[in-house]
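Look at the two complexes coming up: chain A is in both, with chain B in one and chain C in the other.
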Partner chain A sequence: MSALLEVSGLTTSFLTASGYLPAIEDVNFAIEKGETLGIVGESGCGKSVTSLSIMQLLSSNGKIQKGSILFEGKQLVGLKDTSMRKIRGNDIAMIFQEPMTSLNPVHKIGKQIGESLRIHRGLNKEQSKQKAVDLLKLVGIPRAEDIADEYPHRLSGGMRQRVMIAIAMACDPKLLIADEPTTALDVTIQAQILDLMRKLKAEREMSIMLITHDLGVVAEMCDRVVVMYAGKVVEQGDVRDIFRKPTHPYTIGLLSSIPRLEDRQQRLSSIPGNVPSIEVMPAGCRFASRCPHATQRCADDEPSLLSVTDNHQARCWLVDEKGVAV
Partner chain B sequence: MAHMMADSSPTTGLKQRLAHPPTKVRSKFVRVLRAYPLVFVGGLMVLALIFVAVFADKLATFNPNFQFANGLAPDGAPLAPNHTFIMGTDDLGRDVYSRLLFGARVSLEVGVFASLISLFIGTTLGIISGYYGGFVDSVIMRITDIMLAFPFILFVVALVAVLSPSISNIFIAIGVLGWAVTARIVRAEVMKVKEFEYVQAARALGSRQWRILFKIILPNIMAPVIVLTTLAIGNNMLLESTLSYLGIGVQPPTASWGSMLSEGQQVFEYAPWLLYYPGLALMLAVLGFNLLGDGLRELFNPRRVR
Partner chain C sequence: MSEALLQVRNLKKHFPIRKGVMRRIAGQVRAVDGVSFEVGAGETFGLVGESGCGKSTAGRSILRLIEPTAGQILFGGKDIRKLRKGQMRLMRREMQIVFQDPYASLNPRYTVRQILEEPMIIHSLFGSPTERQKRVAELLETVGLSASRMDRYPHEFSGGQRQRIGIARALAVDPKLIIADEPVSALDVSVQSQVLNLLDDLQKQLNLSYVFIAHDLSVVKHISDRIGVMYLGQIVELGESDQLYENPLHPYTQALLSAVPVPDPEVRRERIILQGDLPSPANPPKGCYFHPRCKDCMEVCRTQAPEWKEVKPGRFVGCHLYD
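Now for the complex of A and B:
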């Protein structure tokens, strides 16, 4: 089975004072049909740049320097904007982190949901309005007819995120890119939104690319996980493997910084230091400066993605030396 | 009945009354009127001005440019307001009331058209500048800086002098030179709005560039622009008066409020009504546009009107 989305060797750079510097380098992953892929990492590690690269929505100072993005076998890198527009919102839809600002305050909810239907399906006002009400019902908004006639400021954050999902679902996308969809919401609402996404995914056989820094969300939602650090994939594999046998010290660090009910530690462990900025990216392993296991080899040479098991890889020399997790 | 009763609970089957029974929903017009009565005061003043300007020939009692032999006192002084000339006459024996009505026409015409020209140029340049940024932005903003740095009146005076003074040349000159502030405000608003996630979201939906510019961004920046334009109408009416006062505006014998003030100034020691009426008219007109502009700002803000 060929993957729905196949990203290989993707390098996206941004123009800085010192020329083009890569924000993500040599990123590889694939999303199968009906699969949920989690992309995890702390702020600034290139999660959002990855999603914007896929959508070809980089700001004018950013460009894809290398690599390919195949969507249903079609190359998206270098695709003309007119062709890309037909894919955006139609085949690949996106929902954003901040539901408070992702809706246009001057247009009614119903109109905004109908927008992509008018763009891609050529529906008229009346038809798109009717479809918008159906979509609002689909995402579980009560009084859908009334809400369609309201302006966004009348809705709460959770309701707005539902509306965003309704907008994304309008054209039945094959891939939904969710960029931190629950970060701005409180925990009970988070659970509702995740439930909703899971339900829609199952009903519509859609794939989801879930960008998050919340490992709890990943455990709950994802089939496979890609862990990114400083613009590179450092570990990827099945969600079970990642949680049971994390191999890269960064993943281990991330997992041990989650509070657990079983063992009541005095303090949560944290990873010391910060992500190196792209202007002063060290050669060798990018995590070496923060890694408890770092050796001279880590500082000198960068490991490639090494196989831990068949579909579990980690970018760490420890795999090479021990073959298994530390 | 759904409005009077809350839904009965599916678990207990009990029916409950609503804690806050719904009251009659007033129309938006009434709600706005209650919240912002000054919009309507301003709006009425502006409507009155428009009415007067449009029907000046019906409302005027005399030909505004006719010099009445009985319009002057035996010693040649202007007549104070009386039964025939209700606002008195000027030093040439013309009826002030009729001149005031025809002057409203000139003032409003210049104010409105000049502001529309500025609005169009300023919004277009501001949107391009703010959205595309970079080199285009630098060029447009440097031109704007020059426009703002140069004394505006001097610029307008020079242009009107070149074009020869006439009503249309006055509003063209004011409009073509007066877009700088609009462009700056539009640019700033666009730069703010284009960073909002809903613009990114619109791109992610596959919207074309024109759709993003004119359907997503433009409606979001219109509130300050409309306010600015409404205020600009008042200002441009003042500017027309200034030009006419300086003698390069509307040419005699055509009446405008500025030229009436200018002519009246020479004799105001013994004929003060020649300043009172046009001055008062100008003040009320500008005040009307200002009240309306302030009110519109509230009205266009979807968050404000409950």
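Now for the complex of A and C:
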């Protein structure tokens, strides 16, 4: 089966005072139909830049320098603006982290949901309004008719995120990119939103690319996981493999630094140090300075993504030394 | 527990809502509405709840950074609400605060040395500049930063390092109690665990008491000895942290715990999904504040506020189910 979305060798750079610097480098992954792929990593690791590159929503100082993004076999890199506009909001939709700032405060909710229907489906005002009400019902908003005539400031954070999901669902997208969709929400509201996303995905056979820093959310929602660190994919695999047999020392460190509800640890393990800055990336492995297993080879030479098993890769020399097939 | 260092009794903070040209008072936002708890020496008390539940207002009211509307705050047996401004300032030597946002809580135009010296100067500690400098170096080492960086500005440090500076500033005057208001929620997990471990170490070394305010239940559970769960300005349940997590009594605590995603793909926990949103504290529901969202709501809950009672030694809950 060919993948719905295939990203290969993606490098996106931003113009800074010291020239173009890559925020992400050589990123590869694929999303199958009906699959939820999680992209995890800490702030600045490039997970949002990856999603903005796919949507071609990079700010004017950013550009895709290398690589390809195939969506249903169609190349998105270098696509004309007008053709990209036909895909964006139609085949690929996106929801953002901040439900407070991603809605337009001066337009009524019904109008904002109907916008993509008028553009992509050619519905008129009446029809799009009616469909907007249906969508609000779909995402579980009570009094949908009234809410469609309200402005965003009248709604709570959780309700606004539901409206964002309604907008994204309007044209029945094949791929939904959700960039930290629940980070700004409280846990009980987060549970409602995740539940809604799961339900919609099952009903519509949609694929989801879920970007998050919360490993709990990943464990709950995703089929496969891509772990990013300092602009590179450091590990990817099946969600069970990532949690049961994490291989990259960064993934291992990340998993053991989360406090867990079930058991009382006396002390959390932590990863010493900080993420290297984009201007002074080390020559070798980017995690070497914080890695408990780092050797001279790690400092000199950067490993490529090595296979741990068929569906599980890690960017670490340890995989190589363990004698696992590369 | 030995004699409590901090006792908070029936603390209330109501903010007036003003309307119209005459700015008449049209209502009250009951941000904190009758909160009581105690913190012993060397103990960590966790206050947990969702946004808008009043946990931060409670924390600030205890230090009188926000003047409480009613209630008693006893620190070492003394009611600090009765203190005059000057006396209160002296009292703050004993009680300090660490804020959530390490980017906003440090003055960007001060060097780290100036930031850490300021509280010492205010409280006339370590008279001479050389002594103060020695103390600054010592503080930086204590929180795991190199003393050689004391003449740098906050923007030259990462988020986790800035939070360490915030902690060092709180420690500068040798307090007995630190109120930590969401100290790790702006940090990434790998850095968050560094800061949590630091707080733990400092508590052991200096016998500090913490009031740890956070919305992340796993973090609060990790660091706290006892926990109070807040909902709409009130503590609905209070108890030893392990017991509270193993056997939550209040339906809100149960829902809150079940909503936390488990970082394990093979564990599926039964989830109680709460309906609706937090009601406005300006217009709380009648009876039990939680009843419109409660799965176990009974007739009595709609009309009568539940009593706050001790169901087991050290275990308190405010819910009609345990009448």
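The working rule: the second predicted complex is superposed on the first by the 319 of 326 C-alpha atoms of A that agree within 3 Å, B and C clash if a C-alpha of one lies under 4 Å from a C-alpha of the other, contacts with A are read in each partner's own complex, and residues count from 1 in each chain.
Criterion: a residue touches a chain if its C-beta (ideal position, glycine included) is under 8 Å from a C-beta of that chain, and two chains touch if they have at least 3 such contacts.
Every value quoted in this text rests on a predicted model; they were computed, and no experiment measured them.
Asker: State whether chain B and chain C clash or fit side by side on chain A once the two structures are superposed.
Answerer: When both complexes are placed onto chain A, chain B and chain C end up side by side without any clash.
Asker: On the A-aligned overlay, A:T101 touches which partner chain: chain B = first, chain C = second, or both, or neither?
Answerer: After superposition on chain A, A:T101 lies in contact with chain B alone.
Asker: Report for A:R260: first if it touches chain B alone, second if chain C alone, otherwise both or neither.
Answerer: second
Asker: Which partner, once the models are overlaid, touches more of chain A's residues, chain C or chain B?
Answerer: Of chain B and chain C, the partner in contact with more residues of chain A is C.
Asker: What is the contact status of A:L57 with respect to chain B (first) and chain C (second): first, second, both, or neither?
Answerer: first
Asker: So in the superposed three-chain picture, is A:I113 touching just chain B, just chain C, both, or none of them (first/second/both/neither)?
Answerer: After superposing on A, A:I113 lies clear of both chain B and chain C.
Asker: May I ask you to decide whether A:K86 touches chain B, chain C, both, or neither, giving the answer as first, second, both or neither?
Answerer: So A:K86 only meets chain B here.
Asker: With both complexes overlaid on chain A, does A:I167 touch chain B (first), chain C (second), both or neither?
Answerer: first
Asker: One more residue to check, A:H153. First (chain B), second (chain C), both or neither?
Answerer: first
Asker: Superposed on chain A, how close does chain B come to chain C by Cα atoms? Whole Å, please.
Answerer: In the combined three-chain model, chain B comes within 7 Å of chain C at the C-alpha level.
Asker: Same chain A residues contacting chain B and chain C, which ones?
Answerer: Shared contact residues on chain A (touching chain B in one complex, chain C in the other): none at all.
Asker: Taking the complex as given, what residues does chain C use to touch chain A?
Answerer: For chain C paired with chain A, touching residues are 50-51, 158, 160-161, 188-194, 196-197, 200, 215, 217-219, 221-222, 242, 245, 255-267, 271, 273-274, 277-278.
Asker: Over in the complex, which chain A residues touch chain C? Could you list them?
Answerer: Touching chain C: residues 42-43, 156, 158-159, 186-192, 194-195, 213-220, 222, 239-240, 243-244, 253-255, 257-262, 264-265, 267-272, 274 of chain A.
Asker: What residues of chain A sit close enough to touch chain B in their complex?
Answerer: Spelled out, the residues of chain A in touch with chain B are 55, 57, 60, 84-90, 93-94, 96-98, 101-107, 115-116, 119-120, 151, 153, 164, 167.
Asker: For chain B, which residues count as touching chain A in their complex?
Answerer: Touch list, chain B to chain A: 133-134, 196-198, 200-208, 211, 216, 219-220, 302-303.
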